[in-house]
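Across the two complexes that follow, chain A remains constant while its partner is chain B and subsequently chain C.
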Partner chain A sequence: MITVFGAAVWFQGLQMRRVANLSALVNTPLFTLALVAIMVHSGRSDLAPYAVVGATVIAVWNMAIVESGGIIDADRGQGTLEALISTPAPLALVVLGRTVTVTVISLLSLVESVIVARLVFGVVVDVHHGWLFAVTLVLTAVSMAMTASALAGIFVLSRSARTFQNALSYPFYLLSGAVVPAPLLPEWLQPITKVVFLSWSTDLIRDCLRPGAVPNALTRLAVVAGLGLAAMVAGVWVLRRILERVRTTGAVSFA
Partner chain B sequence: MIRDNARVLAAAFTSALADLRAIYTWRTWSFAWLSRILAQVAFYAVIGRLLGSAERTQYLLVGNAVFIAALVSLLVCASTAWERQAGTLPLLVAAPTSPFPLFVGRSAQWLLDGTMCASIALFVLSPLFGLPMPMPRALLALPLIALVSWSTYCFGLVLSAFVLRKVEVRNLVSGLSSLTLMLVCGVQVPTTFWPAPFPQLAEVLPLTHGLGAVRDLLSGAPAGVVVGGAALELCVATGWLVVAGLAFRHLAESGRRDGSIEFGD
Partner chain C sequence: MGEPTGSAVVVEGLRRSYERKRQEPRVALDGIDLSVAVGEVHGLLGPNGAGKTTLCKILSTVLLPTGGRVEVFGHDVVTDTAAVRRLLGIVFGGERGLYGRLTARQNLRYWSALYRQPRAVGRQRSAALLERVGLADRADERVETFSRGMKQRLHLARGLIGDPKLLVLDEPTIGMDPVAARDFRTLVGELRAEGRTILITTHDMAEAEAVCDRVSLIDGGKLVATENPKTIGDWLSTYERVVAEDVPEDVAVSVRAVPGVRDATRSEGSLVVETDAAGAAGRVVELLVKAGVARISTGKPSLADVYLHVIGDRGSVVR
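Let's turn to the complex of A and B:
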């Protein structure tokens, strides 16, 4: 199992050497500039860290839906899915190994965003609760990798994965409170934000940037992990259904 | 010559519409694509609420709604590259007609898509964010948005001539270009917010004057000011169209000379 997981991580690492697969990281400085500029121009430089968090969430989620979400679809397009599912290695584990790689690489966007905000606008992002911040990032990355694995399976069921990849971008940036916290969204949207793990993550991250105590930190961390796990369970179930179907019909490349 | 080019343009446009029908069903366009567009505009407009400023909310709403026209039109970079991927580029270059009118029409579905999405975003979200839309005057925003689509499309054609040689970076070029326009053309902050030479650069980029004209229109500026902005946007569009024509001619001539039409990077 560890060998399979390690091989999947290594393989995806090789895939990510192509600049076209890193477009979210290339775009991050520009998103950071755009979002921080809005705050600075309005005389609210105190909100610039929100913009830094927002630019990071945009990059991490974008890579999750485009790079991770397209893993199985791309294998199917290249004709390698047949070989992959005929091996004894569990497909879900291979996909998880690959999405973990993408997610870890996508977290570089946080470093990019902090540096750009500092160099261009002199914005300093102070982390007042270092350990909680680190744990939140790790749990967010794990949940993101698990959610991306689920998406990789779900996208295969669609006629055009690209359509759904596009459709899932900004609605999730909005629902995840990437820049604007959920309580400022319309009331009818707020219950939906509760089932989006990123909205819990971004709230925690913003709280870590403030000097005061962070309320209910452990519970909120548990919710982030729980929602990620729920997505993974759903993803494994979807992958099993897909494999059963294509093994029965023989239509691996036309699922 | 003109009749031939018009015929090629019309055939290419028919093909573009077929592409649009292949990409979207009316359900995926309405519920997936349009929803995402509305969410995109709302995502930026709601930052105005975070800032506690109705004026900023409305500025962001108008800027990001009109920006959608530019964003979608820049998909011309990706769809032009499809000709290379489909293996049809050598046939198009070998044809007796110039490839330029063909490529002008070949991705024109994005003009319609961009204009519709941006217009719907502006008119649907305005009441939700408290932006006054004086009628019937506000309806004049529709041709201005179409003009922004056209000028950005012309700009995108120039980029497409480059992308045809480097197909792998088509989405990267399209993404970076749209973000650059978002940054410097007055979408999120006025063009003068940035230091030189960015305000000067914005003057010759698409979107800047068209977006300015829409803002002037909605704020009740005199007709002459709005028309002036639209005229400048049209001049910018024409300039980029000429550059695009030269870029495609260079692509075809140099490709024939060095055999790189099918075997570029």
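Let's turn to the complex of A and C:
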């Protein structure tokens, strides 16, 4: 299992050496400039660190839906899925290893965003709860990788995965609390944000940038992990269903 | 390795059909029975759409049968999938199926890990296989820069990376130049000597004759016959074709009268002579030369020609 997972991580690292696969990281400075500029020029520089978090969440989400979400579809397109299925390696484990790599790489956007905010606007991002911040980041990355594995399965069910990917970008900028904190969204949207693990992560990260106690930290971390785990369970189920379906219909190699 | 015994592949009453919207299901395999002995090189010969690839896919667990039973070394491909996958290597034909942005070595090392081989083993096997298929010099170049024949050789190496007991080769020499195809035949011989069982699909009767212990002819999803390679060789020599240009009509009439000539028709100015008896082609050539015809060529029959002769003679439907 470790061999397969390690190989998947290594393989995805090799696949992501092209700028085209890192477009979300290329866009991160631009999102940072736009979001931080709004805060600074509206006289709320105190909120600028939140904008840095927002730009990061957007990048992480974008890479999850575009790069991770397209993993199985890309294998199907280049004719490697049949050979992959015929190996003893569990497909879900291969996909998870690859989505973990994408997610870890996507976290570089945080470094980018912090640097751009500092250099352009002089904004300093202070972390007041270092350990909680670190744990939140790790749990968010794990949950994101698991969610992305589910997405990779869901997208492959459609022949227009790209449309799905595009449709999931902007709504989730809102639902994740990346652009506007979730509690400030219209009331009817609030229940939806509660099942989006990123909204919990984003709120926790914001709280880590504020002095003072972080309320219900452990519970909120548990929710992030739980929602990620639920996504993984759903992802494994979806992948199993897909494998059954393609083996039944013979549609494995449809591009 | 001891003398192999028993069956590597057992196929009984295998059926596979594909559902279609508002149409009758398309039957790809219609009650196939087949047995491949351990250590045997078995050819599946048939035209496009005969069902060869469907059979390979079912054997390699990427497609479920709709009826019948398939076992690989005693493991059912439907209920004991994991065991089958550990024993089997698959090579699908064509250029697709490799990661173009990775080097040949990286491709093999990745596939090695998917067969759960330790890194050191993967490294060693990758290097050995690259050497074996003649790609050692290009091992660290991206696959997207490879020619079609080189990709096909890498496909072969990928199929072998898991050290399979059963190797399924679906049209493995497509795109190979004659030298590479010859090397491929040598490689198949070596693999047989190692005790591996090989199932190979092909359109090429000469290839089937050269590498296979037995050959099964498939057409329309049905197994037509299982023959030994000698029979294939006989077909190749029996159904030889002669093509001659500028043949006067009186000579053409004489050609048609030669014993063993099945048909002699004009096509775009050439006389195309089909034979169905050993030695007939030689007699036709001799007659043409004596009549002063200078532009003569002979050729092996195509698979379609053989089907017309063999399957037609047996009363089967020829497509």
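Quick note on the criterion: the second predicted complex is superposed on the first by the 254 of 255 C-alpha atoms of A that agree within 3 Å, B and C clash if a C-alpha of one lies under 4 Å from a C-alpha of the other, contacts with A are read in each partner's own complex, and residues count from 1 in each chain.
In this text, a contact is a pair of C-beta atoms (placed from the backbone, for glycine too) under 8 Å apart; a residue touches a chain by one contact, two chains touch by 3 or more.
Predicted model only: the values in this text are computed from it and were never measured.
Comparing chain B with chain C, the partner in contact with more residues of chain A is B.
When the shared chain is aligned, chain B and chain C each come close enough to touch A:18. Judged by the touch definition given at the top, the superposed model places A:185 against chain B, while chain C stays out of reach.
In the overlay built on the shared chain, the residue A:38 is in contact with chain B alone; chain C does not reach it.
In the overlay built on the shared chain, the residue A:122 is in contact with neither chain B nor chain C.
Shared-chain residue A:173: touches chain B; no touch with chain C.
Of the two partner chains, chain B is the only one touched by A:47; chain C is not.
Applying the stated contact rule after C-alpha superposition, one finds that A:27 touches chain B and leaves chain C untouched. Within chain A, the residues touched by chain B in the first complex and by chain C in the second are 18. Contacts from chain B toward chain A in the complex involve residues 23-24, 28, 32-33, 35-37, 39-40, 42-44, 46-47, 49-51, 53, 56, 60, 168-169, 171-172, 175-176, 179-180, 182-183, 187-190, 193.
Of all the residues in chain A, the ones that touch chain B in their complex are 18-20, 23, 26-27, 30-31, 33-35, 37-39, 41-42, 44, 47, 50, 160, 163-164, 166-171, 173-174, 178-181, 184-185.
Interface of chain A with chain C (complex): residues 3-4, 6-7, 10-11, 14-15, 17-18, 78-80, 82-89, 94, 246-250, 252. Within the complex, the chain C residues that touch chain A are 18-19, 54, 57, 60-64, 82, 85-86, 88, 90, 92, 94, 96-102, 106, 109-111, 113-119, 158, 162.
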